[in-house]
């Protein structure tokens, strides 16, 4: 029980149980305290994480579960999951505090958040494909409750749409998981659900259906699930609805963490497990990502609703990450991982800001605002700062990720990078239009004159977010340095031929005795 | 002789069956059924299974049909003006389905191979059967007794007139 | 000493934070005092660094880790060499003066802390821009100044037009920035490094570089520079940027930020050296921008607009210099231009301040009586910008014109266009001068000279405008050595003089003649106020309207780019997104239809249900026995 | 004597416990003037508990069926008894599940009929059905299968129509009865075909003869005609029992019309019996012919999943909704049945785990429905509005059960689906699994609707507990918790 | 030991099949609940005939045993079925099966 990773999952769950028994007010405080402890745990993991230990996962926990199928409760952390773990643990107290003002069924909301916390941590930490899937899907449940119960007027529609669309993708992934699982059994005579070991499956190159090989089908099934979650261009329509309807805390988590599960999945599964198929399809995915970058920005530009605008901006930003992943160069890879965190901070912050405004005015229509800089200067300050982060002004975090992604992408695919760079311009367009509509100009609407500036709680949240936004902009090395060796290994294993990679690096199974194929 | 009897009783059976299906009043269906059962028991005799033939008369004709007749009388159903078969389309569809269904069954019976086809008949008299029932098939037989117990209680439940009595009254 | 380099950036940054987030003083003098102090501290620091450089002659550099990813390693690297020295001194020096001026100018503001915070932030970013030792670090400053420019243009945000002007500036800059980024990527792809020293070194030594890619890099960086330095086609933001407070226009949109493009090209001169085509393009772009902007400036009535177009025009001339390889001449002009244009803007600011916001020069006139000091300093500045010897502008402009003629990549056309631009400059500046200071006062407001805070900076700048040219004397005059060129020679490649039909002295004479012609013509027309000018305007009505409408470039952009873009966005949002949504949800609708159909099958009549069961059994039976009995 | 105990009473004890308690209850029925409902309820529960205890005892002691050597020295009747009575791991596992389901159903019945009129003999009827299930599970002969099926069917027809004066119940009983008797006819026809082909009713012998038939190289395909026809007919009959499309048409009507606890009992225990029947026949006997029946069953499974899930989309009555849901679940369960790779052994675990968790889910959900019905008098989905907040614990339990039914992690329902699909993929039914997955996506919608009503709609009125119902609430909590416990510790099975 | 007459051997199952078909047909089309029950009995009898034929042809008594059980069960089913029909009659005053279709959809 001294495994830190386990506690990152257990703690919120236990707290959820405790919160169910406590009075509402106490339970809120307990929940926040628990998530803060969770954050500290994550920091401790960050501290104990050894960048130079190149061999796969660290702090591994493996408890046999369904022994018949060799399914384990297995957790581990590596350079891919560490930043996301930190992000999810960091965002959680913020989301809880952002929802502080919600009074109806506050205890249940708190419990939902805590359960979500556990599920998200589990998703990022699971090294067993079955466990991963469980957490992956489990995330949906608290999330649809958060959207559906505490959301705005169209919340039920949005919740159902969110659930069904994302569920649709993950079910096909489930089939692919089965397929991998049975193939491994067919090839090695034993079962394994260990993600790393599944990478040893050798795929036949014969087409099985419609001219695609088994590996490609597996890839497509995985990619569909992840691309819906990201969301990639034509699969994105659930996102604006979900974001718009969700309460502030829900939007923050949705944008900051849930979308990252998609890109994380691409990195964790699609690239290592089905490398050839990835090589074949990554141009298509990248092109969709590029379309998403541009298209998301265009549509964001047209939105009347502030949250919808931020939601579409997410489509655009996540496009960068996807392109970075598809480019598969070490710089782009680091950039993509870092950008996941960055987007979480900046978009989370934007949702927080929109939520603050919504609390005061009960509308998100951009045309209702205007001139707020005069009325609520501190709010305006944070809005400008976080918007800058969102549109990638250098010196703030958004730039570092985008820059690395584009830089890396340009090394392998100059054309992609060239198209993607246009997103930088469009991002400025819609962000500035939003800023103009909200804080600049004269105060046209009488109601805006009585809007109160941010209170200490909100100021604290925004301050913390801004602090990290600046921190990661100025000193991203504190994170990049921690994950760099791990990502370099990842890159060398997954780019080009694997044989040379395995010469350079010790084989994966030499550290974890059980990881490799067993006879 | 046996052939002639077989054909005669066979036709009788089928006519009885037909009567059940086409009779306008339920009571005529019941009587047709008696004819069919009678024909059947004759066929059983021809097959050499006297015990079954006896059972057929005793149980089917003697008990079941009487039960039917009793219920029909009890319910005092009026004679229907036409055959109560629903729409013509339904009849045709059902007819076609049944025709095809029986065609398949029949051809299966024709072509299928029986596990033994010695062209002889061995009398299966009561002694053999009752011996089997009380040795090899004792367990099913006991289950049957429980089944009948369940049946009695069940029919009691069904047939008891509306009692306003709640369980905890 | 290296920490001092970071100090250059951090001091104004701290000033900005102190003003903007901590103190938030509503007193202009407090806020301005802090900001000015920071700025002055920077200037002193820069001065001491410069002295140190003069003593040792070696550049100073410092670095802190920033990011690393795979093989890519990037530091917060700063480098203080001769080029930086010039820029830093100009920025901090003029910046301090303008801070000072601002205290007087912004005396009636409600939130001066915001203004001064932005101004300090700008200073910090601008210093980072010139100190950065690699393209990305430069880019941080580059975007930082863009952001500050956005914030300062839209400083009076309650006027939505001003907010719009800020947005326009930012977006147009962003277009250039996108190209800049591409340039960075190409450089990394080619050099596997993004620091200037390494890239320059590799350009000189390595043979594995692709010239085509290097040209592309140069082109991209040049496009980036056109955005920041307001060249064709990305120049339209600068005149609009005049919506900001006048000191801002002086500092950002005349003296420092807009010259960042020049600085960038000079800094990456090694790339442009190997890309003659791009250089040529740059020269012509600059020349035509100079001419084009000058024509517009001829007829403008807004005091700041005239100066803005003049700035665009002058920047164009600098690009001509860069294009023909005369980097040091360009930088020289950057410096002198910083003095006289800042002076002009501040003078304009003083006048506007004195006239309570009046900006139309047709409503001024005869102000020399009311603003004697401003008049005096403006005279120097106008003389300088017109290129009258021995004022600073004369030397720098002359250097550029001569380079355009005599450089290997220069030609007569270039020279001709540039000279024509100079002619027009002399004309419209004289018009500007005459209409403001001479004739009768045509306005309503009560004019008054400003406080000492307003004119002291003017005085200092006037001194600069008058004498700064002396540090870069042309060889041809054989009076003083070219200190400026010598200083920059370790950093910037020199241009080779080729034989042209005019020598240096000849070109100089022509330039003076041209200036005199421009001044003379203007004097003839505007000597007696606006009358003659209006007659001319009526005579050449179509041309006049075209120029007054700024060649309708804004409208052209609106029509060809902005409107189609908006339509595209609307189409994406209203049509495509809707269509995708419907398509994605189509299976759900289909399922509902299926559900309804199946409910209808469940009619409730037991025999229909039974029939379905029989049918199912039949199909099974048939399937099981197919081939055997049927 | 010792022999008799060891080789007869001990192996038979799970059934005997039920039978004895049924007889005890029958005796109690002889006193209609006295209200002995509580005593009957207690006695029935006691019997089932004893049966469960015996099952677990046998399980721990290593099944308990006497060995061949032991039987060779035993009296003939005992040997003959053991020829007909089959006690293996399959039987024990199903005994256990059937016992648990019966126990919970009894509790539901008790609760339900405490508050409304119903026949006194209802516990007895439930016990008879349960007895039939036990016999069916342990049958080793077609004859006993048939008899046991009838033993469980007839009382269940009566259970459905047990409430006097209830139009819906009577109609449901009629439909169920007509379907049931027709299915019996087809079952007997199928058995007759098997008998005519192989000359035996004994399952083990039958299996051996079929294997011999197939092994006999020159066996012409005609020899298999009866067997194949029998397969089709048995599928129809078994499909009826488990509610497999298109033989499911009775399910929605009957489940809706029957009283809630009876529906719960049918959806769990009776369905279990149906699968026991199918498994005994298709795994125990017809396994060598799996290439013939797997396709048919898979096709029906797919039809079932889609039919059930699609039709459920429109339903507002919770009972009807879960009826359609149970049709789709029958499809998934059939997938577990067909997961036999060529020459491979059937995967009993997946089927059993699914059946057990699904049965518990169904019972738990119907316990909640029963609870709501008591307060609101209807079983409409609208009655759930706001329940998640007005009764947070009850709401959470219902939500958990619904999630399990939908197969969403981390519930046992998901694990069950996972295992079933995994086995199916292993057996090579990839396309079927993809279709199954698509259909469960459709299904997710209506389960979510329940969740939507639970949490996202405003409740009309606050539910107030009329009386304390510890047993019923205990059932709900127990089933809900077991959804988590079963998922976390699948090794319990 | 009596040889099986050829007509018997060849035609007996035809009679069974005919009876079965008639029963099934009536089962599907007759609306009188009692007649529907009778049709079920007809089908069961057809099965009995088939089983007797099989059993006698093979001199194997198991089929006969089966038939005995079937007869018993058929009787029980008839009783239960009639009970259900009676129940319905009490509620609606008719045994017309199509009157009972309130459960649907």
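A, B, C, D and E are the chain letters, set down in written order, and residue numbers restart from 1 in every chain.
In this text, contacts are C-beta pairs under 8 Å (C-beta built on N, C-alpha and C of every residue); 3 or more make two chains touch, one makes a residue touch a chain.
Predicted, not measured: the structure shown is a model, and the values here were computed from it.
Under the touch definition stated at the top, chain B and chain E share these contacting partners: C, D. Should one ask which of C-E and A-D has more C-beta pairs in contact, the pair is A-D. Every chain gets a centre from its CA atoms, and the centre nearest the mean of all protein CA atoms is that of A. With every chain reduced to the mean of its CA atoms, the largest distance from chain C is reached by B.
Centre-to-centre, using mean CA coordinates, chain D is 27 Å away from chain E. Rounded to a whole number, the gap between the C-alpha centres of chain A and chain B is 69 angstrom. If you average the CA atoms of chain A and of chain E, the two centres end up 65 Å from each other. Separation between the centroids of chain C and chain D, computed from CA atoms only, is 78 Å.
Contact with two or more other chains is made by residues 86, 90, 94, 97-98, 101, 104-105, 108, 110-111, 114-116, 137, 140, 144, 147, 151, 154-155, 158, 162 of chain B.
Each of the following residues of chain E touches two or more other chains: 20, 24, 27-29, 31, 50, 54, 58, 60, 62, 65, 69, 73, 76, 80, 83-85, 87, 97-98, 100-105.
Along chain C, residues 588, 599, 602, 604, 606-607, 610-611, 614-615, 617, 621, 625, 628-629 each make contact with two or more other chains. Interchain contacts (touch definition given at top) occur between A-C, A-D, B-C, B-D, B-E, C-D, C-E, D-E. Those residues of chain A that touch chain D in the complex are listed here as 20, 65-69, 105, 108, 130, 133-138, 140-141, 144-145, 148-149, 155-156, 159-160, 163-164, 167-168, 171-172, 174-175, 178-179, 181-182, 185.
On the chain C side of its complex with chain A, the touching residues are 20-21, 65-72, 76, 111, 136, 139-140, 142-144, 147, 150-151, 154, 157-160, 163-164, 167, 170-171, 174-175, 177-178, 181-182, 184-186, 188-189, 566, 568-570, 572-574, 576-577, 580-581, 583-585, 588.
Interface residues of chain D, counted against chain E in their complex, comprise 142-143, 146-147, 150, 154, 157-158, 161, 164-165, 167-168, 170-175, 177-178, 181-182, 184-185, 188-189, 191-192, 195-196, 199-201, 252-253, 256-257, 314-315, 320. Chain contact summary for the complex, chain D toward chain A: residues 349, 388-389, 392, 403, 408-410, 414-415, 418-419, 421-422, 425-426, 430, 433-434, 437-438, 440-441, 444-445, 448, 451-452, 455-456, 490-491. Chain contact summary for the complex, chain B toward chain D: residues 104-105, 108, 111-116, 135-140, 143-144, 146-147, 149-151, 153-158, 160, 162-169.
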